[in-house]
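Next come the structures, one after another.
Two complexes follow with subunit A in common, the first pairing it with subunit B and the second with subunit C.
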Partner chain A sequence: MKTIEVKELTKYYKTNKALDCLNFTIEPGKIYGLLGRNGAGKTTLLNLMTGRIFPTEGEIRIDGENVHENDKVLGSIFYMTEKNLYPVEERVKNIFKWSRRFYPKFDMEYARDLADKFGLDTNKKVKNLSTGYTSIFKAVTALASNADIMLFDEPVLGLDANHRDMLYKELLANYAQNPRTIIISTHLIEEVARVLEEVIIIKEGKLIVKSPVEELLACSYTATGEASKIDKYIEGRKYTGIEQTGNLKSVIVLEDIKERNTGLAKELGIDFSKTELQKLFISLTN
Partner chain B sequence: MGTTLKVTKYQLYSFYKAVLVFYIIILMVSLGTIALAVKATEEVSFGGLGTATIIFISIAGMDCFKTGFKFMMANNVSRRRFYYGNLIALVVLAAFMALADTALSAILSSVIRYQSLTGQLYGFSNYTAEYLWSFGLYTLAACMGWFISMLYYRADGVMKMVVFITPLAAGIMFAFIDRQTGGQLGRTVIGFIGRAMGLTGGRSPFIGFLSLLIAAAVLAVLCYIPIRRAPVKE
Partner chain C sequence: MLIDFNSEKPIYLQLAEAIEDNILKGIFQEETQIISTTEISVKYKINSATAGKGVNVLVDEGILYKKRGVGMFVSTGARERILKKRRKDFLQDFILPLMDEAFKLGISKEEIIGMIEGRKEI
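Showing the complex of A and B:
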């Protein structure tokens, strides 16, 4: 089990600040969602975690060891990137074979089983795979690697709904069998929400939320009702994410779900519901 | 097997098809020449297959970095391990090609009038000298290719132009200074190369071998500087 510590991490691309003094710890054996809008710094953070790029300031430590050029630490991480880094002229089955050499715990039988399940032809060259199947091939390699830490950057890119559902299920099955640290960076928040235990939300290079999903969602609720009644209910309350269709208004109230005023809501004809992670994300990052 | 040797194995695996095709072509050319020599009424001479190998191994050196580096990054191999693994692969490739060329040279010279590069330069050749000299030269050529590809990989748009223009500018500058000094610079450089390659005095390919290895080692060390902090690029 590996603990990832991100300390004072800052990354500049020339004059553009991609990450701004991030500080947080990723506990082992959990599935994290790394969320943020386009350009928020998610991929930069994952690239830094695997030493593919270098921080301007700060460091990342795994079990107390700096990741920079550290083969022992790097060998415990598998990073499925959005972009393809595999030789395009190589066949999928050969890449499995080579991956087994670099990841000694790589499970070839499991890789073949997953390939069969997803309909991935392992005799095909990487260049001949569609966008969806390239994602499947990389995800299969990642899952079969059995690395202690798995990082996924947009793992469902180009996948149809069935394959996305299959992948989430396989990810959970893999995790259930062998709990490890998994970080998933994706824009499909609602889909992945059921898989996540914690979320890390980055906005313009800064960490704005790091919290268990349940706790985060318990800190807010959605109130829906007639616009004027909703306005009355939210008076003096913190809220965000107002949506209005005709006279029907809904708002995310930023207070503990236990503190909601059910009496007033009943009086005003307001319905309460659980906040959806995606809606909360949108309101937090807007 | 350590990570470095795994990298070496992968790099050699990525070379093998091209090497195979290269030697098939060389064999066909050699067989064609032998056939021609058998049929010809006049003596047919043939030589310098090593030049083709130098071109081939330089290109292999240029080609060894980008794809291999990306694949090793995909497998979370450190840059240091990739560097050592790649260097060993290039040295092994140079050793193999020197051996193949020496063997081919031995076969060809027993059938037709063939002269290897070593024979042409030093006026004599034995197999040990030919092998060692070729090995040194091929290692240097491979490292040169690798170094050029590293410079291009790390350079941005302006630096790429600088890398491209610098040898041309140096050549023009050399010619200018040489003219100004009445050919003194050219004679000095040629004299230095001649001594370093063991072409002056006692004519020793072994001195040439040592000088080529030193030059290759310098280039190999220089390759480490740009690779140390090389980012993964598309």
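Showing the complex of A and C:
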């Protein structure tokens, strides 16, 4: 099992600070969501984890070893990138064969089986695959790699609803059979929310949240009611994400669900509801 | 098994309740095997740790038990246990919200009783 330690990690692109002193540990055998707005630094972080670029300061260690030019460690990570890094003139089936050389645990039978399920023609050249099938091809290669750590950068890009559904299910089946560290970076938060065990949110290169999804959601709730009553309720409470339509107001109250004042809410005619991860994400990263 | 996931409760509790519902309805019979954590995870697209947590709640309450290497089974007396627990929660979960809603609509206690007895129209 592999622990990933991110220590005082800073990355500059010339004078542009992409990551700002990140410190956290990824525990082995969990599915993490890496969330952030465009340009927040998600891809930079994944690129650093796989040694594709070098940190300006700090380091990433996997099971105590620096990833920097470390073939042994890098051989245990599969990185499904958003960009296509495969030779485009090559046929899918040849890339499967080629992957086996880099990932000794690559499961050819499983790869073929998945390709079949998704209707991926392995005789096609990479350049002739549609956007959706390019994603499918990359995801299938990732799953079949059997690597201890799998990083997915926008894995469902261009996939229709049916294929997205299938991919999440295949991912979960793979994970249940062989628990490994999986990090999914995606903008489609709502549909992946229940797949994740923990979530990491970065904003402008800084870590703002690292928490189990359930705990994060239990630390806030949505209160909806008449504007003046809501104002009264949130007095002295921490809140975010105010939305108002006419006289109806809703806020995300940043307080433990258990702490909420149901008596006062009843008096004021306020309704409580669960905050969805996506809504919370929007308000935290705005 | 139907889980709507829109309720305010954590996912693992919703899963536990859905399993209980199936036991109450007789879809999952006592001393028979139910679907595995893996199957639950894949079918409902939830993290297997969440699925495991939901199942373990019922194991801790003696409603389900694990047979090593075989799977998850419904305990003898599970139905009775669930009934007892749910009856205890009936006031909190159903009657109080009903009274809140009635209060909002200006329906009196007598009118509610009337509705239950099917005699009065409001």
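As a convention for this text, the second predicted complex is superposed on the first by the 286 of 286 C-alpha atoms of A that agree within 3 Å, B and C clash if a C-alpha of one lies under 4 Å from a C-alpha of the other, contacts with A are read in each partner's own complex, and residues count from 1 in each chain.
Just so it is clear, contacts are C-beta pairs under 8 Å (C-beta built on N, C-alpha and C of every residue); 3 or more make two chains touch, one makes a residue touch a chain.
The model shown is predicted, which means the values in this text are computed figures rather than measured ones.
Peer 1: Looking at the superposed three-chain arrangement on subunit A, would you call subunit B and subunit C a clash or a fit?
Peer 2: Fit: subunit B and subunit C sit side by side once superposed on subunit A.
Peer 1: Put subunit A at the vertex: what angle do the Cα centres of subunit B and subunit C make there, to the nearest 10 degrees?
Peer 2: With subunit A as the vertex, subunit B and subunit C sit 150 degrees apart.
Peer 1: Quick one: is A:Y110 in contact with subunit B, with subunit C, with both, or with neither? Answer first, second, both or neither.
Peer 2: Neither partner.
Peer 1: Once the shared chain is lined up, is A:A173 touching subunit B (first), subunit C (second), both, or neither of them?
Peer 2: A:A173 contacts subunit C only, not subunit B.
Peer 1: Based on the superposed arrangement, let me know which partner A:R52 touches: subunit B (first), subunit C (second), both, or neither?
Peer 2: first
Peer 1: Considering only the touch criterion stated at the top, classify A:Y12 as touching first (subunit B), second (subunit C), both, or neither.
Peer 2: The answer is neither, since A:Y12 touches no partner chain.
Peer 1: Go through the superposed model and pick first if A:P87 touches only subunit B, second if only subunit C, both, or neither.
Peer 2: A:P87: touches subunit B, not subunit C.
Peer 1: Now for A:S273: first (subunit B), second (subunit C), both, or neither, which partner does it touch?
Peer 2: The answer is second: A:S273 touches subunit C but not subunit B.
Peer 1: Return first, second, both or neither, reflecting whether A:K30 touches subunit B, subunit C, both chains, or no partner chain.
Peer 2: After superposing on A, A:K30 lies in contact with subunit C but is clear of subunit B.
Peer 1: With both complexes placed on chain A, how many Å separate the closest C-alpha atoms of subunit B and subunit C?
Peer 2: 27
Peer 1: Using the superposition on A, tell me which residues of subunit A are in contact with subunit B and, in the other complex, with subunit C.
Peer 2: Subunit A residues touching both partners: none found.
Peer 1: Any idea which subunit B residues touch subunit A in the complex?
Peer 2: 1, 3, 6, 9-10, 14, 67, 70-71, 73-81, 229, 231-232, 234
Peer 1: If you look only at subunit A, which of its residues touch subunit C in the complex?
Peer 2: 30-31, 165, 168-169, 172-173, 175-177, 179, 194-197, 214, 217-218, 266, 269, 272-274
Peer 1: So in the complex, which bits of subunit C are touching subunit A?
Peer 2: Where subunit C meets subunit A, its residues are 5, 7-8, 10-12, 37-38, 41-50, 100, 104.
Peer 1: Which residues of subunit A touch subunit B in the complex?
Peer 2: 47, 50-54, 69-71, 74-75, 77-79, 81, 83, 85-87, 98-99, 101-103
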